[in-house]
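Can you keep this structure in mind? I'll have questions shortly.
As written, the chains take the letters A, B, C, D, E and F, and residue 1 is the first residue of each chain.
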Amino acid sequence: MMPDLGTYSVPVLSSYAVSLGLLVAVVVASIWKARRVRARLEEVESRRGRAT
Amino acid sequence: MIGLLKRDLTLAIRAGGGFGLSLAFFLIFTTLVPFGVGPQTQILAEIAPGILWLGALLACLLSLDRIFQLDWEDGTLDLVATSPVPLEGLAAMKALAHWITTGLPLVAAAPVLGLLLNLPGPAYPWLMASLALGTPALSAIGTFGAALTVGIKRGGLLLSLLVLPLYIPTLIFGALCVARAATGQDATTPLVLVAGITAGALALLPFAAAAALRVNLR
Amino acid sequence: MSSLWEYANPRKFMATSAFLLPWTAGIAAVCLVTGLVWGFFFTPDDFRQGSTVKIIYVHVPAAIMAINAWFMMLVTSIIWVIRRHHVSVLAAKAAAPVGMVFTLIALATGALWGQPMWGTWWEWDPRLTSFLILFLFYLGYMALWEAIENPDSAADLTSVLCLVGSVFAVISRYALLFWNQGLHQGATLSLDREQNISNVYWYPLVITLAGFGFLFIALVLYRTRTEIRARRLKALIAQERMA
Amino acid sequence: MSLSVTDLACARGPAQILAGVTFSVAAGQALILRGPNGAGKTTLLRTLAGLTPPLAGTIEADPDAIAYAAHADGLKSALTVEENLAFWASVFGTHDPAPAIEAFNLAPLLHRRAGEMSAGQKRRLSLARLLVTGRPVWCLDEPTVSLDVENVARFAAAVKAHLAGGGSAVIATHIDLGLPEAATLDISRFVAKQIRADDPFADSFAEGAA
Amino acid sequence: MIGLLKRDLTLAIRAGGGFGLSLAFFLIFTTLVPFGVGPQTQILAEIAPGILWLGALLACLLSLDRIFQLDWEDGTLDLVATSPVPLEGLAAMKALAHWITTGLPLVAAAPVLGLLLNLPGPAYPWLMASLALGTPALSAIGTFGAALTVGIKRGGLLLSLLVLPLYIPTLIFGALCVARAATGQDATTPLVLVAGITAGALALLPFAAAAALRVNLR
Amino acid sequence: MSLSVTDLACARGPAQILAGVTFSVAAGQALILRGPNGAGKTTLLRTLAGLTPPLAGTIEADPDAIAYAAHADGLKSALTVEENLAFWASVFGTHDPAPAIEAFNLAPLLHRRAGEMSAGQKRRLSLARLLVTGRPVWCLDEPTVSLDVENVARFAAAVKAHLAGGGSAVIATHIDLGLPEAATLDISRFVAKQIRADDPFADSFAEGAA
């Protein structure tokens, strides 16, 4: 299945690894931040909901 | 507006040395380079144009964060903003004062430092011309950066992060001009380009700086 | 639809983006997987570059999107400056880290490609160098956002920086060409396709490009939602503290 | 010169602090702003001075008529008293600092650097700046902080002279200024702390839909 | 005393980016050098050790004037001086905080920047080792310089003037260490000397800095 | 803790400002320093706090017993009220900021950044710092600047509690502090402005002998 990359397997594979790694990193970071912000917002909103 | 300029120059002279200091930094930087790079005259001569321009740029950079910061901290900026002087005028005067205390001495001193780095003979007039035409752009860009970061404590490094990328074109053309002159090539085109950047920066950036100041005073 | 500007209202934007998000994310995933799998497994080696030609499927889309991301930030910043639509500037803020990551991918894959092709990791070629500068602009833009406490001031100041920075980015590009002629490839993706790379390479490249584009849109939508929530959170906390 | 303010709403950063501020000060009149700490006196004065745009309402006065004096002195410690005044005179396009020096008895300190003066001496210098601006409407934020009795009297005399010359003044303070004839406005009744009305994020966005 | 360190780190992180910024400056400086010097990889590789060390040194330098200045301006320094914390302890903590926010990130980032300048392979571990051992000396010396110039408005350039000559030995041995490693020579001696300078600076300079502070507060 | 000062001469920069200052403050007592602007109150307090060495005379008090509060607030605007107090608590090796928060009603402001407070709110925070130091002798320089009536009362209450606990205080001020039982010292009678006595260039140099 794996294509024969010849002498260049290291640069090709590491390019893909780095790219996918970085893409996954932004996606994960975005999700993580979204979750955190959302949780804090909900907490504050519910606190306000109770107050008013 | 002349009052602003006069005061800035007085302050520069009185508090902490003014003119001398950017020069001193320039001098120290150019002497540090051989310590770092090693004393081979061959290499030094080759990198001299770049190092001289780089030194001038860093000397400008180091004094940037004081352009508005002190006035902001002691409340002067608020008061000037409510005075008849337009903030655009303030920004332009600040840039001018910065250039007089920083850029101008560098232009004068550069040839001496060129000697230290074995800069080839024909390059000297071009070195001075390119610095004289290019440093005003550095001051104008720096004033804009200072206006963006006024109000941020410890903004010094942030300021360099913002300003240095904007300095790149001036640096490239300036150093290229000197390097070409050093190797006997024609150096007019880069010199004209440096002058162009300066003209553009002087015409537009005071407005951007005033806009940034207005936001920061709000 | 009465006006495009309605989407600048946070509530409207939240609703619309909630609808668009799954679609764009889905298209992005499909395109990325198809394009990358096709490109990696089912394209032949180039006679000159050997298997390194496969790097093109990550390198080129990332590079193109890195530039487009800055362009989008420029446009949304201008919209904020002129029409003061809050969502617009938050979208610029949301796009910056994504654009920075794309820049980083282009730089890293380019460096990895350079090693076998040019025999060096890094070359001071105008194309590469202008990418490095673009990376610095992203860093500065993000750092300025972080440094300023008041959200509206931060929006104004970063927008001004984005405008001025764009002008200087263009001048830098020109300056770099002047400074060094460079080794990097010319354009492969011109409209006149016949003169460029053959179809075997072309299709998967277009698909990954679409994948990166949709991924960018999806991430920006998603992150803008987060920024809107963070902004509201900030407003609420400020309100609580005032009480 | 008169100053008249209608239904003004003032903000500081993300927060609206005051709303519905309405008052007017005729030429020759002074208005004393009172209110507890944090009520919004400084915020109001900054808005009047044109530093912060108002959220709503109108200010009827030429912004070029207003001289503002803040909590901070705005002095350069490396310059002498004389140089500080000369600088402000040049910025405001006026030329004779003599009346200002006279009014706050700065003559003995004229060649002293601002950094080498006591707190009250600095404050006197920063008040003298007002006379140098030549502007008719004074907006002053706790002008007599650090002043001793004698200098408070000097300040009161300066304000009276300014009013007699057709000027007007809005002065925030917690302590007595020796201006019994001035009207007083307690701004605590305008306090309306809340998120700025122009902040589109103040509405909740029905997260359920998301 | 841990309280001082903690506060300084919090302030660095909160106001203006902290760790990232000296790094960013380092990155920008190393990218600027080729713009000045020209893109020839041959020359760049040759000057890389010196430039990297010089960049680290300037990144340290740029953040020095904030070490005591802000505390002095807002009165904190007066108050700390009347507290049970000895000024020597204060100086040591300030130096440590400066190193953590400036020197440490530089050590980590240096290899990447080495790549940009085509630094030869064997030099990398030596680059990191020499920076790790040398940057604490830069912070300690810088803290001393900052203590000398606290109270001088616009002291930034004066500070660099005072501090840069003191940085020269560290720079020479640090750059020499990397340069030797890059050309395959033995690099241990300069490394040991760098470590020696650091040890001496850390042992003595906090006392000098405290003495300078005492004079400036008087 | 008591503080007693005999024949003190204080200098500021090149100049001697005060001479012959003699007073003593017993435990449980407060002394209010009065004197016109520029008399030397700040100079005296800085000397007591150990920041400026005295030219002559003696201060009988452990320098580690003195808590000094200056004209400047000494606050970090990027830190919250709570963090500012926690920092000072850690510097002074004390641990519980609760009484300080209580005394100056800082609880509602606890998570506000110091930079986002009004002048009077900042001043309250900087006074709260005194309680956190846990030190018995307070040397305060115009502590009630910018405070409204209510907060001046809070301050007076805090001073009274401090005195009742066996502390003592020396307070420079121009305005009334609400401490009628405190002794008052007018320092204008100690003013002795001249070149410092220890300056060897003060004598004329009898040029003939040289």
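Basically, a residue touches a chain if its C-beta (ideal position, glycine included) is under 8 Å from a C-beta of that chain, and two chains touch if they have at least 3 such contacts.
Everything quoted here is computed from the prediction, not taken from an experiment.
Asks: Could you tell me which chains make contact with chain C and chain F both?
Replies: Chains in contact with chain C as well as chain F: D, E.
Asks: Considering only mean CA positions as chain centres, point out the chain farthest from chain D.
Replies: Ranked by distance of C-alpha centres from chain D, the top chain is A.
Asks: If you tally contacting C-beta pairs for every chain pair, which pair wins?
Replies: Top-ranked chain pair by contacting C-beta pairs: B-E.
Asks: With chain centres taken as the means of their Cα atoms, state the distance from chain A to chain D in Å.
Replies: Those two chain centres are 51 Å apart.
Asks: Measuring centre to centre with CA averages, how many angstrom lie between chain B and chain F?
Replies: Computed value for the inter-centroid distance: 44 Å.
Asks: Quick one: chain D and chain F, Cα centre-to-centre, how many Å?
Replies: The computed centroid separation for chain D versus chain F comes out at 28 Å.
Asks: How far is the middle of chain A from the middle of chain C, if each middle is the mean of its Cα atoms, in Å?
Replies: 16
Asks: Send over the residues of chain D in touch with two or more other chains.
Replies: Expected reply: 13, 71, 77-78, 204, 207.
Asks: Using the touch definition from the top, which residues of chain B touch two or more other chains?
Replies: Those would be 11, 15, 73, 152-153, 155, 158, 161, 164-165, 168, 172, 218.
Asks: Enumerate the residues of chain A that touch no fewer than two other chains.
Replies: In chain A, 45 touch at least two other chains.
Asks: Within their complex, state which residues of chain D touch chain B.
Replies: Of all residues in chain D, those touching chain B are 46, 49-53, 63-64, 66-79, 83, 86-93, 129, 133.
Asks: Spell out the residues on chain D that touch chain C in their complex, using ranges where they run on.
Replies: Listed in rising order, the residues of chain D that touch chain C are 13-15, 193-195, 199-207, 209-210.
Asks: With touch defined as at the start, can you tell me which chain F residues reach chain D in the complex?
Replies: 12-13, 35-39, 41-42, 71, 116-121, 123-124, 142, 145-151, 174-175
Asks: Give every residue of chain E touching chain C within the complex, in rising order.
Replies: Within the complex, chain E touches chain C at residues 15-17, 20-21, 24, 27-28, 31, 34-35, 38-39, 41, 44, 115-116, 118.
Asks: If we count contacts the way the header does, which residues on chain B are in touch with chain C in the complex?
Replies: Touch residues, chain B against chain C: 144, 148-149, 152, 155, 158, 161-162, 164-166, 168-169, 172-173, 176, 190, 193, 197, 205, 208, 211-212, 215-216, 218.
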